[in-house]
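Order of writing sets the chain letters: A, B, C and D. Residues in each chain are counted from 1.
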Amino acid sequence: MLDHILSILIFFPALAAIFGFMIQKDAIRAYGVSVAAIEFGLSLWLWFAFDGNVSGMQFMENLPLVPSFGINYILGVDGISLFIIVLAAFFTMIGIASLTDTPNEKNMIITLLFLQMTMVGVFAALDAIVFYVFWELSLVPMLYIIGAWGGPLRIYASVKFFLYTFAGSLVMLVGMLFMAYFYYQATGVWSFAILDWYRLILPENLQLWLFAAFFVGFAIKVPMFPFHTWLPYAHGQAPTIGSVILAAILLKMGTYAFIRFSLPLFPDASAFFMVPIAIIAIIMIIYTAMVAYAQKDVKQVVAYSSISHMGVIILGTFALNVEGISGSIFLMIAHGVVSGALFLLVGVIYDRRHTKMMDQFGGIAHVMPRYATIFGIMLMASVGMPLTINFVGEFLSLLGFYQQSHILTLLAGTAIIVGAIYMLAAYKKLFFGEVTKEENKNLKDVNKRELLALIPLSIITIWLGIYPKPVLEPINNSVEAVVQLMHNKATSDLAKERIPNLVEEVVVITKTSVQEVH
Amino acid sequence: MLAPINVSLESLNLMTLAPMLIPVVGALLILVVDLFKGGLHKSLYVVISLLFLFMDFVALVDSSEIFSQSGITLGVFNLMLIDGLAILSQFIIVIASMLFIPLAMTHKRFHEFSYPEFFALFLFMIAGFQFMVATDNLILVFVGLETSSLALYTLIAMHNRDKSFEAAVKYFTMGALAAGFYSFGSMVFYALTGSVEIHQIAAILGANGYADIGYVLVAITFLLASFAFKLSIVPFHTWAPDVYEGASASMAGYMSIVPKIAAFVVAMRLFEFLIHSGVVWLEVILYAFVVITMTAANMWALVQTDVKRMLAYSSISHAGFVMAAILIGTTQANTALFFYWVLFSFTNLGSFSMLWMSRQKHLPDHQSSDHSYDKFAGMIKTAPVAALIMGLFMLSLAGLPPFALFWGKLYMISSAVTGGYTVLALIMALNSAIAGYYYLKLVVYMFMKEPVMGNDGQVYVSNATLALKTIIGIAAIGTIFAFVAINPILEFITAFVYNSGY
Amino acid sequence: MEIGLNHYLVLSTILFAIGLVGVMKRKNLLLLFFATEILLNSVNIAFAAISHYYGDLTGQMFAFFVIAIAASEVAVGLGLLIVWFKRHGNIDLDSMTSMRG
Amino acid sequence: MEKFLYIALFAPLVSSLFAALFTTTKKKTFVGIIASLLIFTAFASSSVLLAHILNNGAPIHVEMMTWMATGDLYIPFGFVVDQVSVTMMMVVTLVSTIVHIYSIGYMDHDKSFNRFFAWLSAFVFSMMILVMSDNYAGLFIGWEGVGLCSWGLIGFWFHKESATWAANEAFIMNRIADLGMLIGIFLVYWNTGTLQYDGAFEAFKTLDTATLTWIGIFLFIGAMGKSAQFPLHTWLADAMEGPTPVSALIHAATMVTAGVYLVIRSNELYDLIPHVGLFIASLGAFVALFAASMALVNRDMKRIIAYSTLSQLGYMFAAAGLGAYWVALFHLMAHAFFKALLFLGAGNVMHAMHDELDPFKMGGLKKVMKGTFIMMTLASVALAGIFPLAGFFSKDAILEAAFVEHHYIIYSVLLFTAGLTAFYSFRLVALIFHGEERYKLFGIHPHEAYKFMLVAMSPLLILAIIAGAMKGTYYEMVISVLPETEYHIHSHLVYWVMTIGTQLFVIGAVVYAYKKYADWKSVPDGSSDVEQSFMYKLLYNQYYIPYAYEEYIVKPYREISEIFWTKVDMKVVDATVDGIAGIIYGTGEKTRDMQSGNLSTMLKWMVAGTVALLSLAVVFGLAARNSDEIVAILSALGVM
């Protein structure tokens, strides 16, 4: 069964969703929770069976799909993708478990299960086309979730989300087809297998173009400035569960894809574009943080904060060294947990008051102390307090990038300042002061169902902040392989200079392991 | 004293005619049956048509085997040309027709199906298409083209509504003009080369090094205009939306597939040798055609309020998309053309069948046209399964993986990339994104809006019978599970196209 | 002056142009059909002439087919025209604008 | 010994978590008691560790577990107890034990009693991490942790707008400095390959001065924020919105000295870059004067003490910058005792005066609050640096160091500030405890604090008195890790002149303050000449710096944010996206008339299309036929 664990992880929820149509309406929640729990259990099993010391792909599956055109159903995980898969399973589970009573609950849960299939698929796929299939397919359930259960502007928001991403990924698809064509020219065989592509060394000018094509697709998904405007709408209109999944998992597809595709395939272009992308990342960090500060809707604050944090992830990714990339992957997970939790938290007050406007609140720490506490934990995680999950990622990302550019890191480092500004301001508006509104005086504190989701998230937030090793170590091993691959493939001097060669530093690595034994 | 003409029967190779003759025989049989006993139920004719189409199919399988063994076959004084293109396109024609004809088995009674002539004409039309694709003689192409077109005009008109007649008249008149263009173009080629056989024309033009390029271009212009009409290339497309709207949904769906593949095959035969001979003009014109048709049709589709009309424009856009294959002209591109069309026929037939299934006899007040978007509002609540299937077809048309049409688009764009048309590939990709909007619009109406008052979902299945449901089921399964069949289909098509020298 | 191939071709082209103008200008459906007939028949002249020029029968065959097809076209066209006339009492092109946009 | 290390470290955490369990329930006194006991445990363990260090001097170094390890980076949770950290541990645990006990009384009537202890103990835990960590990253954990707790405690009374505002201000300002610190840490890592103190210090010796300078500057920026040095000082005064025990513990004794601790900890770095050290010393001297000047006229009791804290931090930095690390640490310790005492005394006064803070509205409290009066007076004596209290020994050493190092400007500034310190301290004491009982005008009935609170404060009092005597032992202890710099003025005459001169100057200032304020009669209403003078206004408004920050940083930030959102994001970025979509849709809408539905038009389109193609064909055909001529013409024109 372990040989096919990834396929099972992908298609079990889909199958369950199809069977879900037969379930009676009242029982669907229980069904959804059990399916998601089984899926989560399977993902934990995957983690358990995963050998953290191996840097390459594990649990590979290979099934010819269109062999004449080089499309194969190839799956595999390494340290980079493993935890995002686990996170996806986890979030679907707690998302369904903590789902508030919605109309058409059955449709919602079935949609979520389909969404889960696509999410796991994206991160497990090792064939560009299979990747693309899941990548695009993930838009549909999200479209439906936003469009059917969203706010007043839901249709605009959902269509914008869909079309924007769709347009970007089509450009990416052209890039993929090019890539396959070059592979064909080089070897005489069609192949879309990413691992095959890794072996291809492309001339630099081609790399630049292809990098740009992939970039459009990824950048819109991330979303990077100036392609980000779909996100506030999507978050603003989406129901809580939609925002949670969107922020926690779907956005990570873009940054994950950068690491899976852009870096190892185009090391020279990555090095070449490092500075421009870092500047975009810095704009994302500062500009969106300022925009977040100006928001009146607390959900929009969290939405813009997501963009800001994604900026740090991008920065870490383009540090092109082990520290930075490991950090950015870790930050993906961290941001998933934290922003997911923040959206859940916003959902809690939205359910009670049906407004997300901050001026409608104030002083609710008096009436909802538990809620305020959990929100406070997540707030602190979001601003990158050490010993929370976010800090590890942010620290490593910035640390990594510092090797490349001092000034840019200094600018990017303002993330910790501007982040604190908008988050604290929002927290103050929501929780501090006297309770002025009559409606707020009798708000119920978080109930059991909500705690069911929030407590585990809080625990993860702190646990991985204190002891990130179980996650960081497998990530590190895989990232080292990626960086070494990039270094070996790099042809330009610039890239050779910017991407470290790890082989020379074997001595250092052994020193580290000695320390670890100690 | 005239020498006796001695033609051996073997040299005629009459077997090459078999696939075309079968539907003709079927049509005659229907007419004869009607002659003896009129007023029989339509199911009889549906089954007879199906039977003959099936025989046709078997004959095609037979000739495809002959082709894979001995290559291109000529027959009947070298009029018939059975090559891979002919066989592939006939497969598409026959299979699409087989999927179409059961749509006559509606729950409600419609005027046209009560006439046996409908089915006879239908079979004649198929024969016409088959002739058209299985020859490289311009005369036979003309005959096949007109046979099928005239039958088609009549079939549209038989829907017996004001709009149907209007559509038929429009289509007919423009078709007549296109026929004029075709014959004029052929005449110029004949004048230049003294031949009406495409391969000879190619050979003679090649031999004299395209000395009279100006006249060649005139010939191409007129032929291009006539096929642009048939393929609904902007600005020759103007008939398409009106005809699709006027015709019944099932007929519109059929029209979006079968006539076009026939025209595509002829266009491939006619234009690709010219492109390969370096007629830059044609390349430029085709490039412009492809881009303008895709883009403009997409833009017009965006602003439609009626689903069927939207699908009409979408079909135009798809035709423009596929036209790129002729421009690119590589084996991969030509393969992509057939490949795309196979997948497109499943999806498009499915979506038009869904419209057909919801065809009402009388329009309620709130509905401005037969298939206005409002009609589908909130469908997920009243008819969830139908909504899901319709949504599926829309997503497939938009090119969303892993549904059928995605693979077609993938392969088509890949062929553009491989053929060196990078910018074109990008334009094609971005057009798919624009197209996403109008397909999505229907999805939005179905899934995200509230149903119109008094709509209990019955309207969406008002026409449903087992036959219709079966067809839709086949289309849906084909659309979803296309990825399983991609490889065999692709290999099959590639082999046939490659062995025909395209 | 001897009448050569070119004269036929020029005649044919002129007729074709006349047909085209007719197609564009005529608002009466019947006259429109006439214009299309002119189009087809202009080509016939050319085909016959070229056929004679090359001493090859193919052109004439083509011309025959064109005649045959033109005839069947007229049959279908007139049928449609009659139905339209029955329903609307006119055969004016401008009355056929129920579908647009 | 490791066991004691862990107890000292984790007892506060346990205390915090324990108290946190009760945050949402009603006040429970036992929470405070248990928390105090646990903190006391930490204190006891620290004492054991101190004894151990004093006995054999071998530092205890433990590595608990890995924190972050990726690439070449390896950061453990490592803790070290050496002479420096054990000093800090003693200070932290002692003061916090006292503050915990004191708070049981002080927070008696507060409904968030339990929450207070959760935060307070959490702070102690963070502070312990800060001082005990054996690497910069661990220090940073504590660094941010104390910032967080400071936020939570300043904003403890979160229903007050001013409190939450001050909390956010403190947090954000600290964050600005933390960025500098973070950059410093990055620099250390990329230049030395490690963040462990010992490894990094070893590697520093091989680095070039420029790099070291940058490291030194960035680390010091971090220190500036936490220790509220100019220009990041405004938060400290505003932080007085928090409960007074918090001010005593965090904003006087411990957290704000973290910056000094950082500089002392990194002494091996700053020794290599004396020019940065000089800058630090100069800034310290400047801040000492600057803060003291603001304290002169302020009318808020807690703010006055806060400015005095700031001023004393300036002293510490001056010492540390000049390389007299042990002196700085000693002053830090002594200051912790008497300043905490002063604050707790102020807390008593506040309690008595129902949270009134203006000393001009008090007066004559010595009658009702004898214990507090004595304690505060002695603390002020210590603060003023009068022999034989703690302040004398530590402050005198700083002055000597400045003098011996020939930094006479710094020396004179510090000397002058010493006078100012004495003045404002006794101005406060005089106004609060002496003179008319002005509070009666406001109908307040003051009362002395609970006895146990006074008892709790007494160890501080004792230490404030006798700490100076420990100077010798202390010196012996710390020189094993800190540079052995003894500052002896070689001429005895100069030494005595200086010391006695300083003492006289300070005592003179005290007397002047008493003279001026001991018999103060009325509450000033801002109409007197002094209050109208420019200098007074300048000082009273804190040199208009908070105003400038508000006007030129905070407001523009808010406005730019607003513009970014409404104008840039919505009107430019998003509008572009929608605009592109709109153009596509609009083109469709405009051109759909092409489909007029009229057959005649359709035919015209077809013919037009054909004609267009035809004309293109003709053009192309002619061009192809005459291509040679065209090329000839073009080349004649010089185009090709």
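Assume a residue touches a chain if its C-beta (ideal position, glycine included) is under 8 Å from a C-beta of that chain, and two chains touch if they have at least 3 such contacts.
Since the model is a prediction, treat every value here as computed from it, not as a measurement.
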item: Maximum inter-chain contact count - chain pair; value: A-D
item: Cα-centroid distance, chain A relative to chain D, in whole angstrom; value: 34
item: Length of the line joining the C-alpha centres of chain B and chain C, rounded to whole Å; value: 26
item: Distance from the mean Cα position of chain C to that of chain A, given in whole angstrom; value: 66
item: Chain centre separation (chain B, chain D; CA means) in Å; value: 76
item: Residues of chain B engaged with two or more neighbouring chains; value: 169-170, 173, 177, 241-242, 303, 437
item: Chain D: positions in contact with at least two other chains; value: 581, 592, 595, 597, 599, 603, 607
item: Multi-partner residues of chain C (at least 2 other chains); value: 23, 96, 98-101
item: Which chain pairs touch, all of them; value: A-B, A-D, B-C, B-D, C-D
item: Chain A - residues contacting chain D, complex; value: 160, 163-164, 225-226, 228-230, 232, 287, 290-291, 293-295, 321-323, 326-327, 363, 365-366, 369-370, 373, 380, 383, 385-387, 391-392, 395-396, 398-400, 402-403, 406, 409-410, 413-414, 416-417, 420-421, 424-425, 428, 431-434, 466-469, 472-473, 475-476, 479-480, 505, 508-509, 512, 515-516, 518
item: Touching residues on chain D, where the partner in the complex is chain B; value: 581, 584-585, 587-589, 591-592, 594-595, 597, 599, 601-603, 605-610, 613-614, 616-618, 620-622, 624-625
item: Complex contacts: residues of chain B adjacent to chain D; value: 169-170, 173-174, 177-178, 181, 213-215, 217-218, 220-222, 224-225, 228-229, 235-236, 238-239, 241-242, 280-281, 285, 296, 298-303, 434, 437
item: Chain C residues touching chain D - in the complex, by the definition given at the top; value: 20, 23-24, 26-27, 93-94, 96-101
item: Residue ranges of chain B touching chain A (in the complex, touch as defined); value: 380-381, 395, 398-402, 406-407, 410-411, 413-414, 417-418, 422, 425-426, 429-430, 432-433, 436-437, 440-441, 443-444, 447-449, 483, 486-487, 490-491, 494
